[in-house]
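Chain lettering (A, B, C and D) follows the sequence in which the chains are written, and residue indices restart at 1 in each chain.
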C-alpha cells in the first residue's frame, strides 16, 4: 500500500494527512502488510525534526492502533535528520531523494551530488546509484540494531534497462550490504536472464538478511561521477565482508589491505584477527548461468531443478542458513589472504568485487 | 495588484498581514485578476516552511473565499523551500531574489552567485539573468504539472537598456523554456524595434505556453560570470526542444549530442528515438525585422499587416497552435541531424541557440 | 544604557528578559537616550527569525510604551537574518559578532573568516575589521532607507593601540561609508593626536551622516587576511563616493574604472554620467595635523581656533553642510578624471583611498 | 549516573524524557553526584536551540528541585549551538559527537572531518582526537567563566590500546588545556605503566583544574588527517601556557613566536610582556618512570612513596598548588626564551610539546 503524509499523494490522489486513523484502519481491513508513506503535499510541515516527527508519528500511532502488524516504510526523502528519530516510530525510512535508472551520471534534479555538499539532506529525483551510495555512507545511523529499523535507499532499478549489467550488480550488492529495504522496481512479468540471476543471487540476499550492522565505507576517492571506494562490515557467522566499488566507466585494478578491511574506525573485531589468514569467497562467483535462468523464467523448471538452483528461504531463513555456512550463501572460494595481507581485484567498469573473508582456523574467529 | 504578506509593502505602503480577508475582498471588488504578494516587513515570520506556509496560506484562503478567480503570484524570494509547499496554495511562486538588468555581472547584493553555494535559497536583489537561470536549473520542482503551478523567475528586464540584444534574447528564451511567469518589466509605451521583436516572438512564447514540463539543464560548466550550458525538454507536440546557452562575453562554438539532448536523467523519451533523425528549427530564425516592428509600433499597421506578422493567440491558443504545427510557432528550419548525431552552433556572446527538433518520420515520434 | 535580552548580561549582571516593561520604564525615568540590548543568556530563544523577533520586540514595545524616544540598538550578533525583521522594531541592529582590535589577522574565535563561509551569520568575538567589512558587504539590507534603520558593525576600535594608523583610518572610513552606528571604543580622556584627528575628520563623518543609501562593495579579491576591494555609493549632494581598500600588509598600486564606480549593479546613476568628467576629492586630504590636534587635546584652544579647525555640526548638520558643499566636508581636491576614465591610487599597507567624485558641469549631475 | 533525554537510552534502556522529576529524585536518593544526560531517542525534539533547551532544562530543574548538588553533564552531541544556552542550565555540555580510540584517521561515521565543514555541529561516532580538537578550537564558547561551565570533549581514550603513547599524551594534554571534563574511559583495574603515568601527570591535571579561560588555537594548517597547530592560553599563576601539536604521523621540527603565543586575538596580556624573557617548563618533562608506576600499580608503594611520586590534591587543590608554584605542577625547566623570541621543539609523530612560560622578573608578570 502507498499513501502520503500530505493532502495528496505525489501523483495527485488523496493523501492521508489528517485522516491517519481512518486510512490505517482501511489498510488493516484490506489486509495490507506494508505501507510506503510518502512526503508530497505536506502543507509546509517540514523544516525541523519535531515538525516532521509529529506528522509521521500520527500514522505510526494509527497503524499500531489497528493491531495488525503493518511494516511502516516512512519516506520523507531524508529530510530533517530522519535517522535520528524515525527508528522510534517506523520500520524503515528513506534517507535520500528518488532513485533514477542511472549509475554515475550527473543529474541536475538530484542536489548534493559529488563533493558539493556531502552532508546535504535535501531531496531530489533521478539520483544516481553512486549519489545514493555516497549518502548512505555518510548517514550517521548505521542500523539495523535491536528493535530499531532500516535505512531505505529507494527501490531497486535492476532490470529497467538503462544501466549496464555490472552497474546493476553493484547497485544490488550495495543495497544489500547496507541493509536497505529490497523492493524490485522492474516489471517482474517480463525480465531478462541477466536480471533474474542478479535479483535471485542468494549470496547477496543473505548479506541483506544478515542481522549484523550495516557496512561502513572505509575509504572513498573521487565524486559521484567517478570514484573508487572500499566498504566493509561484519557478518553474523563470524566472517568479514568487503567490497571494492568502481564508480567509474573504465576497468580498474583495485586493492584493499586487511588493516582497512578489519580495523576501520568503529570495527569491533578483536586484535587476534591480526594473526589470522582468511579464505576469500566471491559473492558473485556462483551467479546463475543464463541457461538455468531461462529455464526457470520459461516456467519449465521442475521442483528438483528449482531446489538445486535457488535458495529456499521459506525452509531455512537466510540468517539461519548463514549460521550453517550453507554453500549457496557463501559465494565461490577464489583464494586466501595472509595475516594483514592485501586483497587485489580487477574490477570491471561500474563493477564491484564483493567478498566474504572466512577466518581459516577456529581459534581466530572474529 | 500588488501587496505584501507583511505590515508594509517593500515601498513602505500598507501591507496585508492580518488583514488578508478585507484586502482580498477589496481586490475582488475592484476586479483584480492577478495578485503579486510580496515578503517585506514580515515580522520575522520566516525561517521554516511551516511559518512561511501559514502566512501565505491566509491570503490564499482569503482569495478563494471571494470566489473571484485571482491568479495568486506568491513571492517569498525563494525562501523556506517554497517549491515544496506553494503548489498547494498558489498559482506561481518566486524561487529567487529580485532580478537586475544584468546578464552575468557579479552583484554583491545577490547571494549565492557562482559556485559559492549552489543550493542556497537566500534572497537578494540585482541578481543577474545567469544567476537566476542557475537557481532555476537547480530548483527541485520541475513544474508545471496537473493542477499545480509555476516557478517564477521574476519580471522580464527585456528592453530596460543595460543588457545586449543577445542577452535579452537569452533571458526571454530561458524564462519561456522553464515556464516562468512572463511579466514585461519595460515601459511598453516606449520601446525599440529590437525590444518589440523579442517580446512578441511567437516561437518563444509558444514554448512558455506549452503545458509540458519545464526544461532540464543537462550540463553546465563555469559559473554565473562565465558559463556554458545545455538545456533540454519535451514539447507537447512531440518535438524535443534544446538550448545551448553562452553565459560569457565572447562568441563560442558550441555543440550538443542527441544522447544528452534526448536521454538526460529524467527524460521520458522512448528508446526508439535512438534511431530517429530530426529536423532542426531555430526559434529565433523568424524574428520580426525592424521595419515591420517599426510599422506596428508606429500604429500604422492595418489588420491584415497585423495578422500576417503577429500570432493571434486569442483566436488559437499557443497550445492548440503547437498541436497544429502552426509555422509561426516552430521557428525556421535550418537543417537536420542524423540518429544520435551532434548539433553544432556558433553562439554569440551572451547568446542562445534554441532549437526545436522535429522527428522526421511519424513512426519515431517521441 | 546597556542590557541583554536574556536572564543576565554578558558580564553576568541582571538582564531584562521577562522584565522588559519594568526596565524600559526605569531607563526612561533615568533619562536614557540610547539602549544597547545584547543577546547573552537568552535561554535558547534563538534559531529562527520568529523566535528572535518575538524576544527583541518585547523591548521595542516596552520602550515605545514609555513615550520617551530612546534609540534602540538591537544586538543579536547578526543571527536569524536580523536585517529582514529588525528594521520594523529597532533603530539599529548588529550584523556580526564582536569586533577585536585587529585589522586582518585570523581569529579562531570569529567564525566565517575568509572564504570559508561567506554567508555565515554565526556570531563570534575578536573579529577583525576586514572580517566585519566583508560581512557588511554581503548583508542584504543596504539601509538606511526611509523610516528604517542602520546596520551596526560594532564599536570603533580607533585608538585602542594594536592597529596601525592606516588601519584605523580604513576602519573609520568604512564604518562611515556603510552608515554603521558610530560609537567610540577608546578612552576619550586619554588619546593621541593621531586618534583625535581620525575620529574628528569631518569629511568622513559627513559620509556617515549623509542619508543616502549605504555603500556597495563593487569588487573584492582575496580573503579576510589579505584582500583588495572597491566600494562605491552615492552622496545626497549629487557626488559619487568611492573607496579602494587595501586589506593586505604591503603598499599597493590600485585603480578603479568609472564603469565600476558609477554603474555597478543596483546603481541608480543616470546614463548621462557616461559623458561626465569628475573632480576628485580625497576625504583624508585635509586631515588635521598633530600640532593642531595637540593644541585642542591640551585644552589650550580658544573658540576661534576651534571654529577654524573643527566642523560645528550643532550649527549646521553634516547633511545640510553637504548640500551647501561646505569645504570642510568635501576633503581636498587632488585631480580630476575624464568621462569613463580610470582612477589610480597608491594605497598604503592596510590603507584606504576614499574619494568624492564631483561632476564638473551642472548638466551632468548624477 | 547515566540517562537520556529521550524515551530510551542509547543502549535501549528506559530514558528519562517526561519522567525527569521522578528520575532526578531517584538519583538524589541514591546519592548520585554526577549525571551524564544523553540525547538518544529524543522523539524529534531537536533542530532548534529552543526545542533542545526546553528538553534539557526539564532535567536541570528536576535536579535542582532535589536540593542535592548533582553535577549535570548535558550531552546533546553539540547540536543546536549548545554552547550558547547550556551554560545557564548545566555544568558541562558535549560539543561534539562520540570519540573513538583514533588519533587522526578518517572516520566515515564522524561528519565534518577535515576542512569539509569546519562549523558543522552534526553529531557522529568514532570521531578522532584531531577531529574533536578542531571542533573544540572553533567552538565559540571559551569557558570556563564565572558561574558558567565547561565544554565537554567526551571521555578519555587513554589506555584503550589503539593509539600510540604520544597520541595519548597529546589527547590528554589538549583535553586539559581546553578545560574539558576529565573522565577515564579505560579499565582502571588493569592498565599499563604508560597509561598510569599519563593519567596521573600532575602538571597536566593542574592545567585542567586551573580556573583560567580555556586555551585558544592560535594557528592551524592541514586537516584532521594531518595537521600542525599552536595553542596558547593564560594560567592563573601568571604563566602563559603553549602547545605545539603534531597531527601527523612523522616527527616534525616545529616552532612558535612569542608574538603568536602571547598576542593572539583576544589575549589579555599586557604590552609590557613584549620586553619579558621567559623560562620554559616542559609539562611532560617530569613524567613518572615505568618502575615507579609499576610499584604503585602493584600495590607495593607505601605512603612515603606515594607522597613523593604523586600530587596530593586532597591536601592542596591544584589551583592552590599552582599559586604556590608547587614544582610538581610546573613540569621540568628546559630553557628560556628572549623577549619576543621563538620557541623551537622537535615534536614526535602524533605528539605534543606543551610548555609553561614563566616570566623571569617579577616586574613583567603578565
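Throughout what follows, contacts are C-beta pairs under 8 Å (C-beta built on N, C-alpha and C of every residue); 3 or more make two chains touch, one makes a residue touch a chain.
Since the model is a prediction, treat every value here as computed from it, not as a measurement.
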If a chain touches chain C and chain D alike, it appears here: none
Per Cα centroids, the chain farthest from chain C: A
Equivalent interface positions on chain B and chain C, same or different at half: different
Mean-CA-position distance for chain D and chain B (Å): 56
Centroid distance [mean C-alpha coordinates] between chain B and chain A, Å: 40
Residues of chain D engaged with two or more neighbouring chains: 48
Chain-to-chain touches, reported pairwise for every pair that qualifies: A-B, A-D, B-C, C-D
Of all residues in chain D, those that touch chain A in their complex: 7-8, 12, 41-48, 51, 100, 102, 105-112, 116-117, 120, 122-126, 128, 161-162
Contact set on chain C toward chain B in their complex: 48-50, 52-54, 57, 80-81, 84-85, 87-88, 118-119, 137-138, 140, 142, 146-147, 216-220, 263-266, 271
